[in-house]
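Here chain A shows up in two complexes: once beside chain B, once beside chain C.
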Partner chain A sequence: MKYIVPRLILLLLFAVPLSARSGPPVITLEIRDHLFFPDTIEIPANQKVKLLVINRDDTAEEFESFELNREKIIPGGAKAIIFIGPLAPGEYPFFGEFFPKTAQGKVIAR
Partner chain B sequence: MKFDVRSTLIPIFALMALLLNHPAHSDGVVVDKIYHPYIEAMEQEIEWRSVWQDQQPGQENNRVLSRLAYGRSFGDRWFGEAYLVFAESTERSLELEGYELEVRHQLTEQGQYWADWGVIMELEKEDGADIWEFSSGLIVEKELGRWSATANALVIQEWGSDIDDELESTLALQTRYRFKPYLEPALEFHSGQDTKAFGPAMQGNLRLGIRRNLHWEMGFLFGLDSESPDTSIRAGLEYEF
Partner chain C sequence: MLLSSVIIVLREILEASLIISLLLVFSRLEGLKIHWIFAALVLGITGAIAYAINFARISEWFEYTGQEITNAGIQTAIFLLLTAFVVLIRRRPGVNALLFLAMSSVVALSLTHEGSEILIYMSGLVGNPELAMALLLGAALGTGIGISIGALFYFGLLAIPRKGSLVISTLLLALFGGNMLSQATVLLIQADYLSSGQPLWDTSALLSEGSLVGELLYALIGYEASPYPLQVAAYSGGLVLLLGLTLVGRRTPEPFTNPGN
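Right after this comes the complex of A and B.
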C-alpha cells in the first residue's frame, strides 16, 4: 500500500491522455487512376471511424457523400482525414466529385 | 446511435440564454442566412440573398435587404466574401446601402468532436455615412443521424460619427433534416433587436455539373412578439464553382 497515492496520480496523469489519444480506428482509402481502393469499406456500426484518404493521382479529387454528410477535397498527391459515424447499420455510398463515373464506393456499417 | 442529450444541448441552451439576456441587440433586419461551420477547399461562389419583412413598429414597411457577393476559399479552412448591400422599402426605392467583407474560419474537422466549430468576422460600412459595424461570432453544428442542429451567435460593435456607438448581439438557431440533396426542410429561430422570429425553412443543392452546384435557401419566419416583424421571408441562391 506504500506510495498508493503517488501511483494513482501517475496513473491518472498518463492513463487519461493515452486513452484520449487512442481515438477512433483508422481505415485507409486510396485514390488511384480515379478509383477508390478499396471501393467497399466495412466499419463497426455505432462507432466513429477515421478515414485516411490518400490521393495517389496527380489531380485533385473530392470525397463526397450526402448519406455520410461529408465533402472533402484531397489535392493531387496529398492525404486527408475524414471522420465518419457513429453510423446506424446500413450502406452509405460515396463518390469522387471530379470523376463521378469511375470513383465510386460505399461504407457498410455492421 | 447514441446521443448524449446533456453534453449536446446544455452548452447550446446556455449560449442561448446568455445572448437572449443581453441588454442590447442588433439594429436593422435581424433575420438572415444561417451559416454552417464548414469550408470547402478550391471553391468560389456568387451569391444573392434577400430578406423581406412586412410591418414592424418604428421601421419602414415592406423592407427588403439584399446582398450580392463573390466569395472564395483560401486553403481548406478559410473563406472570404465581399458583399454589396442593397435596401428598399415602401418609402424608398432600391439603393446601395453599404459594403461588407466577411471571413469565416473552420476551427475543427467535421465529425471529430461532439460538435463542429467555426468563427465568422464581418466588417460593414454604410454607403455615404460614417457608420461602421464589426461582427464576430461562433458557428456551431451538431450532427444527429440525418438531423443537423446549427447555432450562430454574433456580437456586433457599431461606431462612427453618424451613429451612437453600440454593442449588440444576435442569435440564430436551425434544426435541419437532410431528406434529399435537393431538399432539406428546417425550423429556425432568430433573435436580435426588436425581433424574435420562428418558422419553417428549407434548403437544397442542385448539381449542375462537375464542381458546379446551385445552392438555394428559403425561410418563412413569424414574429413571436409585438415588437417583431409580423412576417419575414428570406431567400438565397449561391452558384458554387
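Right after this comes the complex of A and C.
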C-alpha cells in the first residue's frame, strides 16, 4: 500500500463535503466561558442528528449526558462532532463534566 | 472545583485501578512474579502523556471522530488481550513471557486511555493560579481514593480462600471485559459507525448513572441505565466468551466433591 497518506487525504477531501451535504441535520452548539450556547436544542424525534460542538474556551470540556449515553472530550479551541438519536420524544439533559456547575443544557426531541 | 476534580479523577482512576488489582491477584494466585506491573505503569503513564499531547489532532481524524475510533480501538484491544490472558493462564509455565506481555499491555492501554483524560482535564486548569491548588488537591485525593479501592480489592481477594478468590476474580475480569466491548460499541454508535436503535430498558429511576453508586458501578462494571441493544449484545457476548474460555481451558478437572447431595 504505497501513498496511503495522500490517498487518505484525498479521500477525506472528497468525503467531508459529500457527507456534509447528504448526512443528518447538523446542529451547532458553542461552549463559551464554560456555558453552552444555546443551552436548549430542539431536534426532531426519531431522527439522527449531528451535533457540531465548538469549544471557544482555552480549557477542555467533556460533553456528557447519561440520558443520551454520550461522552466526549472537546479540547480547548477545538471542534467535535457527536451523533445523537434517533430519540423518542422527551427531554435529555447534558452537561460539561469538567465544569458541571455552569455548563448545563438539554436536548428536546419533539 | 475541589469536589468535581476528586470525582473526575476518581472515575478515571477506578477502572485502571480495578484491572491492575485483578491482574495482580491472578499473578499472586498462580504463583507468578508481579514485576511486570512496573513496566506496565511506566508504559501506561508514557502512553497517557503522549495521547494527551496529541489528543486535539487525533480528535480531528476520521471527520472529528478520531477520539471515538482510538478509544474504541484501545478498549477492543484490552478485551482481546484479556481473552489471550484467560487462555494463556491455563498453559503456564511455558507461556509466562506471553502472560506478562498480555497483562502489562492491558494495564498500559487502560492507563493510556484513563490517564490521558485526567491530563487533558488538568492541563487546562493548572495554569490558573486561583484553581491550581484545589485542582491538585482534588486530583491527589481522587487518585488516593481510587488506588485505595484497588488495594481493597487486592487484599480482600487475597484474604479469602483461594478457590473463592479465583471465582470472584474471574467473574470480575469477565465483567470488565464485557464492559470494554460495551463501551467500545457505544463510542462507535456516537461516531455513527454503528446504528443505535432505542435503548432496551431504562433503570435510571432505580439507579441513576449520576448518583455515587451509579458512578461507581459504571466505573467498575460498566453500569448503564439505558443501554442500546448492541451494547447489551457486546457486553454479554464478551462476558460469556471470557467465562466460557476460562471453563473450557481448565487443564485437568480437579478432584471434586459435591457438598450438596
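The definition used in the following text is that the second predicted complex is superposed on the first by the 89 of 110 C-alpha atoms of A that agree within 3 Å, B and C clash if a C-alpha of one lies under 4 Å from a C-alpha of the other, contacts with A are read in each partner's own complex, and residues count from 1 in each chain.
Note that a contact is a pair of C-beta atoms (placed from the backbone, for glycine too) under 8 Å apart; a residue touches a chain by one contact, two chains touch by 3 or more.
Not measured: the values here are computed from a predicted model.
Taken together through their common chain A, the two structures put chain B and chain C in a clash. Contact with both chain B and chain C is seen for A:Ala60 once the two complexes are overlaid on the shared chain. When the two structures are aligned on the shared chain, A:Ala78 is found in touch with chain C, with no touch to chain B. With both structures placed on the common chain, the touch criterion links A:Arg70 to chain B and to chain C. Of the two partner chains, both chain B and chain C are touched by A:Ala88. Put chain B and chain C next to each other and count what each touches on chain A; the higher total goes to C.
Of the two partner chains placed by the overlay, chain B and chain C both lie in contact with A:Lys48.
When the shared chain is aligned, chain B and chain C each come close enough to touch A:Phe98. With the shared chain A as the reference for superposition, chain B clashes with chain C in the stretch 221-229, and the other listed options (131-139, 149-157 or 221-229) are free of clashes. Counting contacts by the rule stated earlier, residues 48, 60, 62, 66, 69-73, 75, 81-83, 85-86, 88, 97-98, 100 of chain A appear in both its interface with chain B and its interface with chain C. Contact residues on chain A toward chain C in their complex (touch as defined above): 12, 15-16, 19, 48, 50, 57-60, 62, 66-67, 69-83, 85-86, 88, 97-101. Listing the residues of chain A that touch chain B in their complex gives 46, 48, 60, 62, 66, 69-73, 75, 81-88, 97-98, 100. If you check the complex, the residues on chain C that touch chain A are 4, 8, 55-56, 59-60, 63-65, 67-68, 117, 120-121, 123-125, 186, 189-192, 196, 198-199, 204, 208-210, 224-228. Within the complex formed with chain A, the residues of chain B that make contact are 1-2, 38, 40-42, 76, 109-112, 143, 145, 148, 178, 180-181, 210-211.
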